[in-house]
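Same chain, two partners: chain A is paired with chain B first, then with chain C.
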Partner chain A sequence: MKKLIGLFFKSCFLFVMLQGAAFANYEINEAWSTDNRSQIKVECSSYTNVCKQLCNNQKVCVLKNSTCKDCISTGVKMTYLFSSFGKDLNSNDDEVSIYEFVDFLINDTFIAFSPNNIYNQFDSAQSDALAERFKVMCPNKFKTPIAFFKIENRVLDIQNARYVTCGDSVYRLELKSSLLE
Partner chain B sequence: MKKALVFTFLVGLSSHTFAADKCQVKSVFNMVAFGSDYVKGKNLNANGSIASGNNIQLLNSEIQNSDCRALSSNGNVTVNDSRINGSIESFGKLVINKTEVKGQVRSPNKIELRDSSVGIVVSPKGSTLVNSTRERWWTSSLINSIDLNKFRNDVASESKKFAAQPKSENLKLIVYKENLTLSLKNKDNVVSLNSDQLAKIKNLEIRGDVEQTLVINVTGETIALDQNVIDISGDIEPFNIVWNFHQAKSVVISETSDQVLGVPGRILAPNANVKLENALVSGGIYAKSIDFNVAGENNSSKLREIKYLDK
Partner chain C sequence: MKVLLSLILLLGVLPSVYANEARLNTDLHFTNRAQCALDSKKPTENILVLLSNMDVGRSLYRLAKLKGERDTAEFTKLGLNKYRYTVLTLLDVIHQKIITNKLPLLNADLTQATNLSKYKELSQRCANTSKCPDLDDYLASIWAKSNEKNPKFGDVDNFTQNNFLNLEDKNVNKKLNCSYMKQFTPLEAHLYGTKPDAGLLEQIAKATTEIDSYYSECHDYSVQESLKVSTYEMSLNVNNSKRFDAVGFDYWNTLKIYFSWAFRNAPEAAQMAFPFDEVFSSVLIEDSLFMVPNGCKSLVNPKCDPATLNQNSIRMFAKHDFKQEAASLDFFRAVPEGSANKMLEDQFTNVNADILNFSQFETADAWTDSFRQNFSETRLTMRKKFVNSVNNLNLMSNNLKTNSIAASLNNYFKPVISMKEPGNIQLKSELYYLCAESTFLSSEELSYIRPKLEILGKMNTTDLMTSSINSKNLNEIFDYYKEIASSVNALCGSFDQSAVFDPSFEIDRTGFNRWYVDAVYEGKIMSMASLLRKEKLQTKKPLIAYSLYNNSKDIRDVICVDTVDCARTAIQSIVDIYGVVQYSELFLDIKNEISSASMLNPYAERTACKVYDPWFKTKASLFGFATDVAQGALAAVTPGVVYGNFDLQPGRVVSFNQLVKDGKITVDSKYEKQKVLSTVALDLGAISNVPCSISVTKSKEMDPSKMLGFRGVTIRTCKANEKNAVNVEVTNEMGEKVDKFKSGCLQCSLDFEHVTSVLSNAIPYGRTAFFMARAVIRLYKGLKDPVNVPRSWSVNPYLVKASFDSNGGKIPNDCVKKLSSGKSCMKNSCEENIVNAYREKGLYIDSLDTEQAWRGSAKVKLRGCKEASNVKVFYSKSENDGDSCSISAKNIVTKCANQEG
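So, the complex of A and B:
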């Protein structure tokens, strides 16, 4: 009986700890519209003004995730892109101001990739392995990072890698290979 | 029957003890505002206990501190056109005009009530009632006082102690245009800014977790926080953030009231007059003197005692 009571209190303690650990003031995730278009959803707690600055809403902003012309393919560029996450494409531990990232979201056209992105034609069968490589980009070990690229005229240039979001931290994303230079 | 009486006595005793514990002011930092010289407020909305080593003047204000001490003063207290949810104690002259006090009013001197309603009057000299109501009058001279002189010294020594701390080596400062992110790396973190740097910051983000503390030492005699947006991210609690204006003689915090937390944290300014103009502070202010909303007829300032965020 004593063991059961101890176990109960331990579970309560763990529950409280996990509840605390789950708190973030803003979280950035990929979401899908009713017509299956990829969107970037920024959700804010009541203790931050980030959403207000981004879209003048206190709680949530839904942003268009752009498309690119030649992205649904198994060509060299997309194959290289998806094999580079967590390897040639990495964060370099360079934490970025949330205000810089908000400026980017407001002023630039971007495309964002998560591990289960529809553009991943290359190794969709190995999505777990890709998810693991995505995690490598987050120094804070966040589970569902999103990589952001600036695009111009709907053309994706891998060298235009900009940021990776890791929960409520944002890191600069860099291409470390000179293969495509 | 005997058992029932004992039970009733114990329940009564425990609730009394609980109430006393709840209302105990063990430290100046149990209060939401302390001005060693004076506290003046107009259009102030405060949640927590306010105290002064000398006088308190309030006009058109609302103070919420349930059944505990709302206002404590070593000097005179004058309250006009206000609502006080809590008790008031004054060692000087206590004048209450067009005000509802849900609690006790206590003073060793005669208390003046005009067009007001109060709970219990505690004074050996009674009260002058003009068009006013009181529920009861106790002639006790017992004032449940707190050591406001000690609080003045506590604020000064705490500020001095923080100012002497060296800045943290690995605290990360991320600057982007007029925006600054402080990313905390240690358990206890100290950063130093000067008043000019602080004035130029448009957005400040403090990034830390629940166990981390931050002291922001700001040098300079004149401090202005005007429309600055201050965000906190991660689990850091407002009560663990200290703004130490140790050299300041004047601190003005203005136009922050439409923000979520306004200025989160405890403001220490032992030698300064702190003015809030249409501003919100979520934490506390401990200063030489405090003026709430001295400018602007239609403005109001808010002071919230937030120790732990509601997550």
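So, the complex of A and C:
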């Protein structure tokens, strides 16, 4: 009996540990340094492979986030971009392996948009209208998704949408209008 | 030795030179309309620079919040001051490079021959885009060389000596003068009036004493109160340089192109902007920076093309009553007629009469802010309209095939078309709206807009833009729309309209879409169409909508509700796209260039288009223009409505109105005669009173068995002895030294043609395109307008002030002529001589007292000094000229009394 109870508690513990490992492994956030360089901050709650590869085994590190030409504007492209999150820019329901995402972060130049990004000229600074649209992009309804685009020479091409991070799940981000059936 | 000493003394002891000194001594150039028109062809040396901080300000504020800055307002302000600093300093750096011949000029007009073959090739390749890495590389390599000691520009392109500014006067002051403008004042009087009079000169004199409260240092941000905008004046000291007259447009072109490139890419700009360089290099600076020639001269050589006309119409946004007048502006019409129309309607418009309403605003920044707000809000509305309309059609074309539309519509309207439900008013009305809207836009016989829309099927300037928003290009979108239109028109032509829309059926016009109501009823009816759409959604699931709609229930997430709505939305979208594309150079960011419209000179485009010719020796040129552009200026009337009696005499010269009076005009009994005739009269405008000859197409004799349909009015030029010509005598009003005058001949005809049957249609009588005909008539009226012989006047503010003081605080009337030719008008020649002697040495006098001149001494107080000094003068008495005095250079006191220099 004691053995059974012990086993029960052990498996509970393991279960919880595993769950713990599945949640809050790492956090990705938009950040700007003191001298206003655009960055992506990665914070790991435990030493995982992610942190090994991205952060050289550190728990916190910073990756260069590109900026983009003519993005601080109300030009046609930006007008479209900001209305398209959650409508024409959506996640594919299949989760992407974290390793593929890490590979992208290390090897490609990217630009990442959080709901609080500095480029939004269309909503008032107090409104969370954009955040609401961003939420739609995450199948798990994560509150602060970050949309990643591949970028070259600081020229944003909306068709280069790649990934959206929803907590520590990553999904593929596609330029594909999500319409009612 | 003495000279050297005095030079050293001069340099060492000059009273502090105020920043505004140069401005006091710069002539104000007044012009009348004719001279202003001529000046439009010359490059300006003086510009206003309007800088908006809104876009970058919003981003800085968001950045402050993201970073968790304690004082977000302070952080934003810091960033904005850095932004102003970067813009102003960079302009200065580029100017210095050009004026010291370190940076070659890039031709503004590439339609002319140029030795810069590589630049020409790159510019053509990059004509419709701002994404051009090759051009960026070209500019980058030239810029890098400009920092070298002995640069070899030949490595980059075929630059020669002639490609550099190379001003004749090597000692010219190379500074780019820059002032921050607090107010528009009498010192900008050349923008408010033409010929100066005593009253204006007095205002100028008074303004000079307060000059420091009107202008301040460009980099003194503590004075620049508005965080939203700032207004600067910049000028070059080219001093009537012939070289500048020849290459000035190239100078400005080079400055603008390098600024656009350098602001984003030059290491110097990054240094100036640090630590905000990453932010600033992301700004679409051309949306926020405007250069305006300060007067009649131009920044860009005016051409008669749609780009110039559209860009110059930006001046409408500066009017203080913009918001009240907005509804009547062409930009906001459902189907804009284009800026050429406005120019033709108002050929002899005002100029130099505060046309931009500077005087309605307390400060220069208030004016700039009003302009900025009016313009950016409109621009954003247009951009959103473009994005939404393109997106709608794109999504429809991907999800709704046209063959299914025809079938679906047939099915939907079967109950009323088959007469099974003759009382179903709602369905009948929907069918009516659909057919009316579609026919108005696309009927081959009846639509005047249809040929205009065809342009959407032929343009490629928006291709990169549509692809950047993941859409098909406009040609493909237009093709899809045309398929929808054919399906709808086929449906509308498939049943007997007079049976379905029987006399008892009255249409509720509020159900038409907004564009239709604007185009047909001139906005006199409110459109409730959007409410009807919302009502449908209460019971129906939308046909095409974003999945977001399930939760949001927001109509903005719906593309279209059902097939009918899809068809009507497609039509609405194509109209909206057309409207924006008409003014694409103004609203769409296809090619990012700094706006340099001739805001203060509406004659820039009028002269370029020969609508106004200040030197006209004969007004035939105006006729030529009207005819060329109008191709006969056909003013068409919807057929099948208006008819002439069979006993009309072809060839008889009579006005339309007279024909009505004589009872020779009838109207299809389906319509209310009075209403139709008054509409026709409105449309024909003044032509309805102009005698035209009656012509009946394709027949010399009348056939009493046939009806005569009235097609409209044709106007063209003719030969003097042509039959039925309306001869317009034109005379040369220049008056001087012209031997002959030419006469012009204008022929207009009221066109009728035999028709075999009455064309019936259920479409209400709509407006048709008359503007060209109208333009010719106004032209005809304009012949009576008095000719302006080009005149200009020069006023030196400092000399006006000196004269004002000298004459006891006023400007006598007989001083006006002298002061208007850049001279002074002191109370006597003694004071005249003293003022001029000091001025030659670059010294400015605050007050002058020559009471004791007969004793050989005068009191002179220099600007900046607290007290006057005594100076030696040489007094002379002459019987002819009266008393006078003079002063020798060595006696000029250059330092303040009781003060170190």
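Operating definition for what follows: the second predicted complex is superposed on the first by the 148 of 181 C-alpha atoms of A that agree within 3 Å, B and C clash if a C-alpha of one lies under 4 Å from a C-alpha of the other, contacts with A are read in each partner's own complex, and residues count from 1 in each chain.
Keep in mind that, in the parts below, a residue touches a chain if its C-beta (ideal position, glycine included) is under 8 Å from a C-beta of that chain, and two chains touch if they have at least 3 such contacts.
Predicted, not measured: the structure shown is a model, and the values here were computed from it.
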| item | value |
| --- | --- |
| Chain C versus chain B on the shared chain A, clash or fit after superposition | fit |
| First, second, both or neither for A:Ser97, with chain B first and chain C second | first |
| Which superposed partner A:Asp168 touches (first chain B, second chain C, both, neither) | first |
| Contacts of A:Phe148 with chain B and chain C, given as first, second, both or neither | neither |
| Which superposed partner A:Val50 touches (first chain B, second chain C, both, neither) | first |
| First (chain B), second (chain C), both or neither touched by A:Phe134 | neither |
| Per-residue contact with chain A, leading partner among chain C and chain B | C |
| Partner chain(s) touched by A:Phe110 [first = chain B, second = chain C, both, neither] | neither |
| Contacts of A:Phe82 with chain B and chain C, given as first, second, both or neither | neither |
| Chain B versus chain C - smallest C-alpha distance in the overlay, whole Å | 25 |
| Interfacial residue positions of chain B with respect to chain A in the complex | 172, 174-177, 179-181, 183, 203, 205, 207, 210, 229, 231-235, 259-261, 309, 311 |
| Residues of chain C touching chain A in the complex | 55-56, 58-63, 65-67, 130-131, 133, 264, 274-279, 281-284, 287, 376, 379-380, 383-384, 386-387, 391, 395, 398-399, 465, 468-470, 541-542, 544-550, 557, 588-589, 592 |
| Chain A to chain B touching residues, read off their complex | 19-20, 23-26, 45-50, 53, 58, 95-100, 103, 168-169 |
| Of all residues in chain A, those that touch chain C in their complex | 30-32, 35-38, 67-77, 79-80, 83, 86-88, 116-121, 125, 136, 153-155, 157-159, 175, 177-180 |
